[in-house]
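Let me give you the structure first, and then I'll get to my questions.
Every chain is named by a letter (A, B, C and D) in the order it is written, and numbering of its residues begins at 1.
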Amino acid sequence: MALKTAEEYKESLRQMRLNIHKFGELIEDVTSHPATKNTVEGHASLFRAQHDEKLKDIVTTTSHLTGEPISRYLSVIRSADEMIANCRMKRFAFNLTGTCTGGRCVGWTSLNSMFITTYDCDRELGTDYHSRLLEWLRDAQARDISIAGALTDPKGDRTKKPSQQEDPDMNLHIVEKRDDGIVVRGAKVMICGVAAANEIFILPGSAYGEEDKDYAVSFVIPRDAENITIVDGREGKEGFDIPNTCGGITQAYLFFEDVFIPKERVFMCGEYQFTRSAVFNFIAAYRSGIGGCVAGQGDIKVGAAVLTARANGLSARVFRDKLIRMYINNETTFGMGIAASAMGKKHASGAWQPDMLLANVNKVHVATLPYDTSRLAQDIGGGIAETGCMPSSEDFTSGKYGHLIKKYMKAAVSGEARARAARLVEWTTIGAGVPGCMHGGGSPDGAKLMINALSGLEEKVGAARRLAGITEDIPEPQRKR
Amino acid sequence: MALKTAEEYKESLRQMRLNIHKFGELIEDVTSHPATKNTVEGHASLFRAQHDEKLKDIVTTTSHLTGEPISRYLSVIRSADEMIANCRMKRFAFNLTGTCTGGRCVGWTSLNSMFITTYDCDRELGTDYHSRLLEWLRDAQARDISIAGALTDPKGDRTKKPSQQEDPDMNLHIVEKRDDGIVVRGAKVMICGVAAANEIFILPGSAYGEEDKDYAVSFVIPRDAENITIVDGREGKEGFDIPNTCGGITQAYLFFEDVFIPKERVFMCGEYQFTRSAVFNFIAAYRSGIGGCVAGQGDIKVGAAVLTARANGLSARVFRDKLIRMYINNETTFGMGIAASAMGKKHASGAWQPDMLLANVNKVHVATLPYDTSRLAQDIGGGIAETGCMPSSEDFTSGKYGHLIKKYMKAAVSGEARARAARLVEWTTIGAGVPGCMHGGGSPDGAKLMINALSGLEEKVGAARRLAGITEDIPEPQRKR
Amino acid sequence: MALKTAEEYKESLRQMRLNIHKFGELIEDVTSHPATKNTVEGHASLFRAQHDEKLKDIVTTTSHLTGEPISRYLSVIRSADEMIANCRMKRFAFNLTGTCTGGRCVGWTSLNSMFITTYDCDRELGTDYHSRLLEWLRDAQARDISIAGALTDPKGDRTKKPSQQEDPDMNLHIVEKRDDGIVVRGAKVMICGVAAANEIFILPGSAYGEEDKDYAVSFVIPRDAENITIVDGREGKEGFDIPNTCGGITQAYLFFEDVFIPKERVFMCGEYQFTRSAVFNFIAAYRSGIGGCVAGQGDIKVGAAVLTARANGLSARVFRDKLIRMYINNETTFGMGIAASAMGKKHASGAWQPDMLLANVNKVHVATLPYDTSRLAQDIGGGIAETGCMPSSEDFTSGKYGHLIKKYMKAAVSGEARARAARLVEWTTIGAGVPGCMHGGGSPDGAKLMINALSGLEEKVGAARRLAGITEDIPEPQRKR
Amino acid sequence: MALKTAEEYKESLRQMRLNIHKFGELIEDVTSHPATKNTVEGHASLFRAQHDEKLKDIVTTTSHLTGEPISRYLSVIRSADEMIANCRMKRFAFNLTGTCTGGRCVGWTSLNSMFITTYDCDRELGTDYHSRLLEWLRDAQARDISIAGALTDPKGDRTKKPSQQEDPDMNLHIVEKRDDGIVVRGAKVMICGVAAANEIFILPGSAYGEEDKDYAVSFVIPRDAENITIVDGREGKEGFDIPNTCGGITQAYLFFEDVFIPKERVFMCGEYQFTRSAVFNFIAAYRSGIGGCVAGQGDIKVGAAVLTARANGLSARVFRDKLIRMYINNETTFGMGIAASAMGKKHASGAWQPDMLLANVNKVHVATLPYDTSRLAQDIGGGIAETGCMPSSEDFTSGKYGHLIKKYMKAAVSGEARARAARLVEWTTIGAGVPGCMHGGGSPDGAKLMINALSGLEEKVGAARRLAGITEDIPEPQRKR
């Protein structure tokens, strides 16, 4: 089947069962509801790019399964070059939509992680998950669907394991195994882009031991499957106070109240030994690619800040040092993702595994540098952009004092253009357009632990000892009693 | 007259003419409207503190004019100790209300600035502004009013002076001088706490030359004076998505459409030579005191972050290094304000002038460190606190799925308590509770220029030359042609 | 007796027993040996300042014991103003000498610490240390001596307490108590300014428990007392490769091989309960005052960097942003010391105790910001200043190629002036003139632990809970088992 | 001819004419003189690695000219993989020698730059430089020589161009063109590794215009050619105060007093149009590869810091957060170099050109992060490592007090082992082992200007304008008059 058009994609969303709620209400049409339409629009523009001569190489590739042109978001990454293309596409997508198109990326990373994990699992345990995954993927490529991904469980009491929780549902788990599939219960929370997704790819939320084997579960499911209830967060609003209509973020709580998953869509079912692999393979790719996202978001911050400065009547030259700092921040997260991609290695399954150490170093940058970039954007944008403390779009049209607002908001350009520019700074730095750089894809503290584990400390100590000409042994001291 | 109670204060606001608008509508009662009531409540709590045995020494002092007890916000600061008390009160006020009570601080700083400026102006030009100011102040102390302050003009085209603007109203200016007063036109923008203020103290927005003498104007005016129209920004919302009801921020655009100011309330009227003094004296006190504000806000970020971590089931011990960094940030802005206060000097008028160099160094910290503190608060608070990507308060009460939200939001505490804690992190780090640290009281770039001017560079170069044993002259090179 | 002149001071050093060694040799005259003469010269300039009309108020004050003029370094600090004067004098001293005059500051801080500690000890345990201290101090003021201070013990195995060490001498301790005094054995290491000191004030190196009571010892002793052997570190060199001859640093190892201390010079002898007080009172004053030192050193870095830039032919204007960052770093450590001083409180003994929280925050800045200032100095100074990779002063005078060096080193000024400027950058940023900001006065990690202890975390959490409208209890979680 | 052994390499240095001076004296043998032997030893170990089965793939490759095995330092980099191998080799070389082996890297980068530049020059101007370069390179590969590179001119008055200088020799220039070659006069300064080099590759020091065409000169010359006089900087010293004998840094001033360069060794002679290309192609490769150097140096800092901590009796676990920060710094400069390599492109000549934007971003990191890493190493190493303030190696052997030093320096290990570890921290953070990260390969300010030029600002502004829904034009404001 051909690559979908933007309109076909939107139509596919309209055909789905209604199960997304917002502010206590059921959303009737995700493609037009204020809370979800920007997000859908952002995803649609990626489908549109598939048919644009200048853009299609960025967003499509060739299926290694069928040789057909497919969306990159449905491809298996098999080389450094393809992983680099991943980073580049993510940066492009942010520039195109202004924000995260999480209804595609996380699903993609999940399927790549399980591509490797199922391969290893089958080889070791004699299961047949890998072929199930290939079967599903071939079909998904043919249907050109949009897939969100979900890892994060509610977790409940963080001091206890899943099976120790008072309420066993605090982590998504298998409640019944049947011949034709499984039944699961629980929730996945803070899941990005669900409103724009056709299906959801589920991964275990953490690495588990045997006692938690019912939580070792991975599958892919239509977003509108029976017994799934979704509540979306983040705010939507009409008017230009949210200036960007090219993209948006939704983040959802997904409740699974005894949901049936057919066997052919199940890729892990109790093999707790492979939960670590599922999570680690996800992390390696995710923490590399996210550098492109953050760089793309940073590109927009640069543009929005300069736009506002110029609207204020100030030249970009005044802010050269600050802009250079922003460029450095952007290129650093982008570059570290490229480096992790380039330094990766080929897995036996044929998939490419980015370098884990560099990917985790990048995660720490991703959780830090964008905050600095945001601060600089607000610095450049001036007081008007800092806290969004300006009249609303409704005030602009007031018959009583709208003319005063337009008069006094005017500077180098009209008051509305200036307000829109400032709102874009606000939206990208403290508003609804900010992706979750800090904890998305895991916390920076988790990344630091992995960096520590991968650091090769003892080799460095050995080299230092040799260089210092020390022959005596200098062991790690015993812990103080 | 006695110090007002919180209720008397609120009643005084209710007695005022209605002239504040929001989202295109006139606000009928600032003490109960969702957009303004939190702000009023925050200010009211300062009046309440005046009658609390344990708190009254923090918020009141003795009038040097009458010997009566008065609000510190209506006092003339006459010593290092009083300036230090200023810093402490500001930190206290943030802890009390969670945010800025700008309807008091800026007015206070303005009257202190003009106390010095009118004294110098009278001595040099033979005017009588200082006695007018004293007269008004005596009365203001007796009435125990709340005073906002306003400096920032719309400014229009930043490459041109006020008198060169196409539209002369881009900066507030005198349009008529009469025997009994003056008439002014223009606007002041992004003015904090106006909805909670009884009067507004106006300062010139910048230092002006003779060609702009009509813009050299300072006065104080009831907030509800004839021909003043106000439009407020920032969002208000019911439900616990904005969890703090102890305080809030409003920031307004004030339009002056030929407003008459009686002579006895005018403190500058064309004396452009003293605009620099008005602005500089404001800056010195403002940039010292704001260190206390930012530290107080930082205290709340610490508390909110730990509260959320504990609600997530995690111990504060895990985050010790991050918390220490937050403490350091908080104490640094607080401490630098104290230092600027302590290193100040006495002006001939009897007022205390904080050290300008240290005050400006603090401004740069104030524009930088809180961003780091916010990042750390989000780091500690976890994904739930990072982007506010959780169900709304409406969703909690949904008959259809409210029980699911409560079930899955629960961790160490109930879902609602956890959501409230996370919302407080959001509100203090990217939400409506964030004060304008970056550009409030002037931009950090402006502060840097003052630091540069006050740096004493040539003395340092001279000392280095002496220490290096260089006898040869090493002059500053000529500019390249 | 009158305040000493620089010459009288140097003569007093020459009269002392020779017991300082360097590179394996005994130093015959500390006032002329290359390894020590710069340090002595730096200290001498402080004596010279005592007789300079413009400077004497900076370095002298009035004895509260006798009413006579005395060196500030021999005074008891009794008010915020005197503590602020301390900070200012330290900044001045760095500007005067280019570096640390540790043969005075640490001794001063030690005597102030023990002034408080002996007072409390006497009140609680009925000892008579305070009067001994006063007696000695009165005499020390009369003799106008220079006093180094010593806390740091060799410590041996850091996982064990002093009394648990294999070798009991790893910390200085009492080996015999006699009627007329005590005998001590052990060492104090990395002690600053010993070569320039007449006496050494000894403090316990840490807070001890009862089992280590023999290590609870404080006294003051002539530097040349019998059985004290001293080995000095840091390098001295002739020629202008070390360009500054106005000051220098020595840092010594002091070995006590059964040294007798007369009773009247002993201020603690086994009262382990007061070791914590001795250390904490030292810390509070030291970590406040050191902000002035670091700022003074930073002033020189600014001057040296600009001097080198100008010698290279570049204007200071080019580096404005970097210079502003350097000013901010300098004023921050200075200002935080001022703040700690201003926020202190009066002790029952009459001494002033700076604020412990702010003092420790400053310690962290002192261990961080100067590194940034150094980096910027090297950035501004250019390649020539970065690594000192230029011909030596010997090469300048070579008959064979000295003319080539002079020819090619010349830029805006002569080659020698340029080399001297660059060497001053090197000396102040990576060379012998760098004081030990990181670990001097204790490590930054130790300071962080104190910040943590003094943070008032639970109050902040309580405030956040109130603001978030949470009624439920949110306790610190139990540790995971 | 075969790859040289370490001994053959050293012998080749001994065969050269003596023309290197230090502290006013001529160095008789660079392989044994204290000022140069460590540097030579470091370079020799790279020759040794050529014959080590486990290491040879790191340091050798196949000549694209002859198909023979050659040193990588003499290869033309023709692919991303080879450029990545460059980064890796540099990191390896730092781990092997503890410091910079500048007598190889800069020459290598220079020849690669001129490989591209001569190709373009020949194509445009019909010259024959490229074939001359190939001829020389083939021979250099066969001889397996070590080549330093030299760009930096003395420059004199920085406000003037080379031809405007009072003394025309302030930049190296052609004084005579002859049929068989050219004669040059001037100097190159701060040239790394000259004492360890057989030849020197000269590049123009900057991009020049037509008026400075005599300064547009590139060639390669034996280090001991007639009329070249060399003076080396940096200090050498016997004893373990400089603990590392596996490597060292020399940095030299090279004086050219009418040196004749045979025609076949001249690769640019007046073609000023290609000076920019020569410099830029150098920069792109140099600023990518240097990330590996800085990471390697950082590896040693990690090892040295932990070694010292353990020698002090402290566990590496205590410093985990600091170590992680050091790993992040190291991997960031390494990773950004990898990224610049991976994102490069193929030049028509067959050479690989790394990405200029990423390379320059890395240069800024290289000028910043190592300072942070050094600070952390000193933090971890403790007071003993901070300022090198400990007894010298001479003191350890003193008959009089050497036993005291050994006794009191002992902690978890012997005093000497502990001193060596601490000296290695000192040597790598403030001592002779610190490479010139700040200005080596050009200043960070220069890199920032290139980042600015390559930023694509207007595209970002355009994207922001589209996203903000602004149709109005928002041009860059005119400069204020």
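FYI, a contact is a pair of C-beta atoms (placed from the backbone, for glycine too) under 8 Å apart; a residue touches a chain by one contact, two chains touch by 3 or more.
Predicted, not measured: the structure shown is a model, and the values here were computed from it.
Asker: Does A-D or B-D have the larger number of C-beta pairs in contact?
Answerer: A-D
Asker: If subunit B and subunit C share one sequence, what is the angle of the rotation that overlays their CA atoms, in steps of 5 degrees?
Answerer: 180
Asker: Provide the C-alpha centroid distance between subunit A and subunit D, rounded to the nearest whole angstrom.
Answerer: 40
Asker: Just the number, please: Cα centre separation of subunit A and subunit B in whole Å.
Answerer: Comparing mean C-alpha positions, subunit B is 38 Å from subunit A.
Asker: Using mean CA coordinates as chain centres, what's the subunit B-subunit D distance in Å?
Answerer: Inter-chain centre distance comes to 52 Å.
Asker: Among the residues of subunit B, which ones contact at least 2 other chains?
Answerer: Subunit B, residues with two or more chain partners: 158-159, 313-314, 321, 412, 477.
Asker: With touch defined as at the start, can you tell me which subunit A residues reach subunit B in the complex?
Answerer: Contacts found on subunit A: 21-24, 152, 154-159, 167, 169-170, 187, 189-190, 229, 231, 233-234, 249, 251, 253, 255, 257, 312-314, 367-368, 371-372, 374-375, 378-379, 382-384, 386-392, 394-395, 397-398, 400-401, 404-405, 407-412, 430-431, 434-436, 438-440, 443-445.
Asker: Which of the residues in subunit A come into contact with subunit D in the complex?
Answerer: These residues of subunit A touch subunit D: 80, 84, 95, 97-98, 240, 243-247, 299-300, 302-304, 306-307, 310-311, 313-316, 320-321, 323-324, 327-328, 331-332, 334-336, 338-343, 357-358, 361-362, 364-365, 412-414, 417, 420-421, 423-424, 448, 451-452, 455, 457, 460-470, 472-477, 479.
Asker: Within their complex, state which residues of subunit B touch subunit D.
Answerer: 158-159, 321, 477-478, 480
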